[in-house]
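One structure is given here, and the rest of the page talks about it.
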Amino acid sequence: MKAFASILVVVLGAVLLHASKDFPLLGDAMSPANNHPVARHYIEETVNDTHVRNLVTAVLADYRGYDTMFETVVVFVAGIGILAVIGVPTARIRQNENLGSTRQFGVDSDLIILQTCRLIVPVLQLFALYVIAHGHHSPGGGFQGGVLFGASYILLALSGGLREALRRLSESLSFRLAAFGIVLYAGVGLLSMALGGNFLDYAVLDRLLPGDVAMARSHSMLIVEAGVGFTVTTILFVIYANLATRGNLEDGL
Amino acid sequence: MSEQIPLLILLVPLLGAVGLGLFALRRPAAAMPVVFGALGIAVLAAIHTLLRIVDEGGSVITYNLAGWDRLPERASGKAIGIEYKIDAFNALVLVLITAVALVNALYLRARIAVECAGKEILYAVLYLLLVVGLCGMVITNDAFNLYVLLEISSLTSYALIGIGRRRAAHASFNYIITGTIGASFYLLGVGYLYMQVGTLNIGDIHEVLTASAELRASASVKVACMMIMAGLWLKMAMFPMHGWLPNAYRYAPSPSGSLMAPLVTKVMVVVMLRVMVNLFGLDYLFAELNWRPVIVGLACVAILAGSLLALAQRDLRAMLCYLIVAEVGYMVGGAWVGNEAGITGVAYHVLSDACMTFCLFLAAAAIILRTGEHRLGAFRGAFQRIPVAMTAFTVGAFSMIGLPPTCGFFSKWYLLQGGIEAGQWHYVAALLISSLVNAVLFFRIFEIALFGKIEVPETGVRDVDALPRDTWERVPAATKVGLVVAAIAVIAVGLLNRPIALWIGKALNFIEVAG
Amino acid sequence: MDLLEYILGKSNYWASIVLMMIGLHAMISKNNLIKKLIGMSVFQTAIILFYVSSSAKRGAKIPIIHPHGDHADKADHAAEAGHHAADAVHHAIDATAYENPLPHVLMLTAIVVGVATLGLALAMVQKVYAAYGSIEEDEVLAAIAEATANGASISMPSPSDSPAQGDVSPS
Amino acid sequence: MIYVLDFLLLIFLVVAAVISLRLKDLLGASMVLGVYSFLICLLWAAMGAVDVAFTEAAVGAGVSTVILIATVYQTRRISKD
């Protein structure tokens, strides 16, 4: 196997390197990809079309919003899949009973770690919300903010114990919120279908939202980004919680 | 409103799955009604789409997602959003996918509580999302959107396999590694194309490639084509890369196996056809590249190896899995023979192979369930003990061998015709030999079934990973319905060969822009 | 200096191909399941690097439009881009002054797909470990072979069965 | 100038990838993979792909590393290769 892998890798690498001679040099603004009418349209017209200054957000949530919906579904599938593969159904029932019993936050953790996390977690969550909400004007958006928010719960679990984190965001609530995120996303699309547009055509939502058509696009993007944020936050936490405890949510990292 | 209906094929199962996650995480009883409801609507929407296309004389439905029309003609007329494109063949495949999933749900209903106790809702969610991924791949006209949907269907497949018993996890892990290599190769190929072309819309890429002789001659486009093909072959278990398939489908929960075996590899073949015909274009592939001898040769090896490996198996499911490997060889070879009969044959074979594989897997599942035996010995006296399942199995087997009036005969006919017209005699020979091997294989089983001694199932002649004894049951009535439907479908797709071939031909003519 | 420029201009692609091959080699040849997944991560990030490299433009800004239109220092770029339709509300935006956002969008998706795949694969690893007590491919295979052999030896086919079995499977 | 920085980062990247794949200690390998992710994220930030870099910093260097370590903790720390 090793020899086969080495030969394959060398041959494939040589072929790929050979083909790279055709590529334009790095940083060439006139390369086919960078100078293509579609790429130029994204740069030149996005602000007119959507009033969103962060081009990545606009392309992500509007021009290619359909991709992004399925990307959110991929995250959802990962969470469901992990639970299906290693989740222990009986542990869930036990756990529901146990959650009621209160335990002091992080009794068995180191003081310094605990205090640091106490300071960091709220700031992190606030920052995550900012990243989601301000994704139109600065780097950020539903994924980035969602990952940060999810990370804040992971941090909580690492410092204060998983049970503590689960008490704040239980697994079933996580899945509900994750599903809700996708419903929010697809709901915007269905709404635009109901109003006579194509799926995810934010322009027809103009009738429901304040501002002009471009503003309607901007607002709709905010809604779908929030949906993405819900799903990513909760699923990342669920992935961590299950992998850290072999799916029983009890004893773990 | 009616132009929105094709999208319902995706949206209804998606919302069904998400709705289960939202409302029914602790209510296993809700799983099957939602699956039936969502897939039922999806089947109706797919049939509506097909009828509409047929009514309009084989038109192509285009749908701009997010309402972004193409740029105006003066600004190059390129697509800035994501686009769907459904021709008659795609619509047929959509009907096939949703219908197979719906009929398989009948079998699933009987097994879900046994094989995935406590995880019914999760299973149902994954099941519906797999259908979404597969349907989406068939109709999308965007190379990157294809990748995202490919990953949805892959991740759901991994989970649907890994949910099974002990060995399933290892099989699924191998599938993940192979599948990720395949998807990454595809992504890299698309990246190479994007570097040179600058767009992701399949039609637009094709246009640029057709227009520029320089690009057509460049090494990077050739490498892109190679990587995309290699990625798709990994995903469809083309022979030297088939290692993941037998174990994955064998150790998966049986409803997963009978859903994925007919659909996943076949949808990858559909994607390969789309890439060949719509993305690169046949004249690029066959005039510029000249890879035909190599690939048809590989396909011949795949056909022979798959058939012979199937012959060597003692385990019923493993045998059927290797038959899939051989069938993939049929289809890759037929596509790369490169003439109209060959490609029509491949498109037709996708439909017929899905029907017969489904029929065989479902029948095998019923037989294994009834006898508790997963080796060929299960067939002793099968005609008396399990007449319905055995009859369906016979129909599927006749189709695999290629006897009329089953669909396998007609699709093989087109493939043979394609091979003969192109003068690819080794492909023709491989097809015929493989049919003979299939005949030996199945008549051996019929011999056991007709003349084998009936015995009470022995005390567990089985390996530890097979179904536990307490799950042996009579074949549930709903499964019998499924078996009958599958067997009828095998014959119906065969009898309808003229209209189906006609529609496929029309669809191919429509998309053969440069041909 | 041309050679140096050429090397610098291609180095990203070369490096990403080298990284891809490192990752691919690990995925195929490593024995440890987690090592395979580390290889997978390297492989996927390398492809992302490849895409992101294709979006770079020398001297261009990040793909966030500045609120006040183009700066004066970008005038030289603006001058050569005469084909843009001037807009009444906003200043004409020079396409060469900003990076191409499309590959960035695609790669955001790819990163998320990557972590989803990694999570699911790690779940499989844990399940394999729970079943066979090992995460080394060869040990797992040995354990599977042993389990299969045990299963068969516990329940040898009954004497009346074995000849028929022999007929069935000449292997 | 920035291209020279790129070049250095690329070399570091290859080194990090190789180290991560050669370490027999899986915990260490996961950490080095985190370093690798962080380096590649720097590279992307230098190339102007801020959103991608942001996501990679959070996902690749953060969450991926954590779930890898969680799995190492649940399984075995020393690898044979």
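A, B, C and D are the chain letters, set down in written order, and residue numbers restart from 1 in every chain.
We adopt the following convention: a residue touches a chain if its C-beta (ideal position, glycine included) is under 8 Å from a C-beta of that chain, and two chains touch if they have at least 3 such contacts.
Nothing here was measured: the structure is a model prediction, and the numbers come from that model.
When the interfaces A-B and B-C are ranked by how many C-beta pairs touch across them, A-B comes first. Centroids built from CA atoms put chain B at 30 Å from chain A. In this assembly, the C-alpha centroid of chain B lies 37 Å from the C-alpha centroid of chain D. Distance between chain centres (mean CA atoms), chain B to chain C: 25 Å. For this pair, chain C with chain D, the centres built from the Cα atoms lie 13 Å apart. Residue numbers of chain C whose C-beta contacts span two or more other chains: 8, 11-12, 18, 20, 24, 28, 53-57, 60, 62-64, 102-104, 108-109, 112-113, 115-117, 119-120, 122-127. Shared contact sites, meaning residues of chain A that touch two or more other chains, fall at 16, 20-21, 23, 26-27, 31, 33-35, 38-39, 42, 54, 56, 64, 67, 71, 74, 77-78, 81-82, 85, 139, 143, 236, 239, 243, 246. With touch defined as above, residues shared between interfaces to two or more other chains in chain D number as follows: 3, 50-51, 55, 59, 63, 67, 70-71, 74. Going by the touch rule set out above, the chain pairs that meet are A-B, A-C, A-D, B-C, C-D. Contacts from chain D toward chain C in the complex involve residues 3-4, 6-7, 10, 13-14, 17-18, 20-21, 26, 29-30, 33, 36-37, 40, 43-44, 47-52, 55-56, 59-60, 63-64, 67-68, 70-72, 74-76, 79-81.
Taken together, the chain A residues at the contact with chain C in this complex read 1-2, 4-6, 8-10, 12-13, 16-17, 20-21, 23, 25-31, 33-35, 38-40, 42-44, 46-48, 53-56, 58-60, 64, 67-68, 71, 74-75, 77-78, 81-82, 85-86, 137-139, 143, 232, 236, 239, 242-243, 246-247. Within the complex formed with chain C, the chain B residues making contact are 144, 148, 151, 155, 158-159, 162, 166-167, 169-170, 172-173, 176-177, 180-181, 184, 187-188, 191, 194-195, 200, 312-314, 375-377, 380, 444, 448, 452-453, 455, 458-465. Chain contact summary for the complex, chain C toward chain B: residues 20, 24, 27-28, 33, 36, 40, 43-44, 47, 50-51, 54, 102-103, 106, 109-110, 113, 116-117, 120-121, 123-125, 127-128, 131-132, 140, 144, 147-148, 150-152, 154-158, 160-161, 164-165, 168-169, 171. Residues of chain B touching chain A in their complex: 4, 7, 11, 14-15, 18-22, 25-26, 63-68, 71, 75-76, 78-82, 116-119, 122-123, 125-126, 129, 132, 136, 142, 144-145, 148-149, 151-152, 155-156, 158-159, 162-163, 169, 172, 188, 192, 194-199, 218-220, 222-224, 226.
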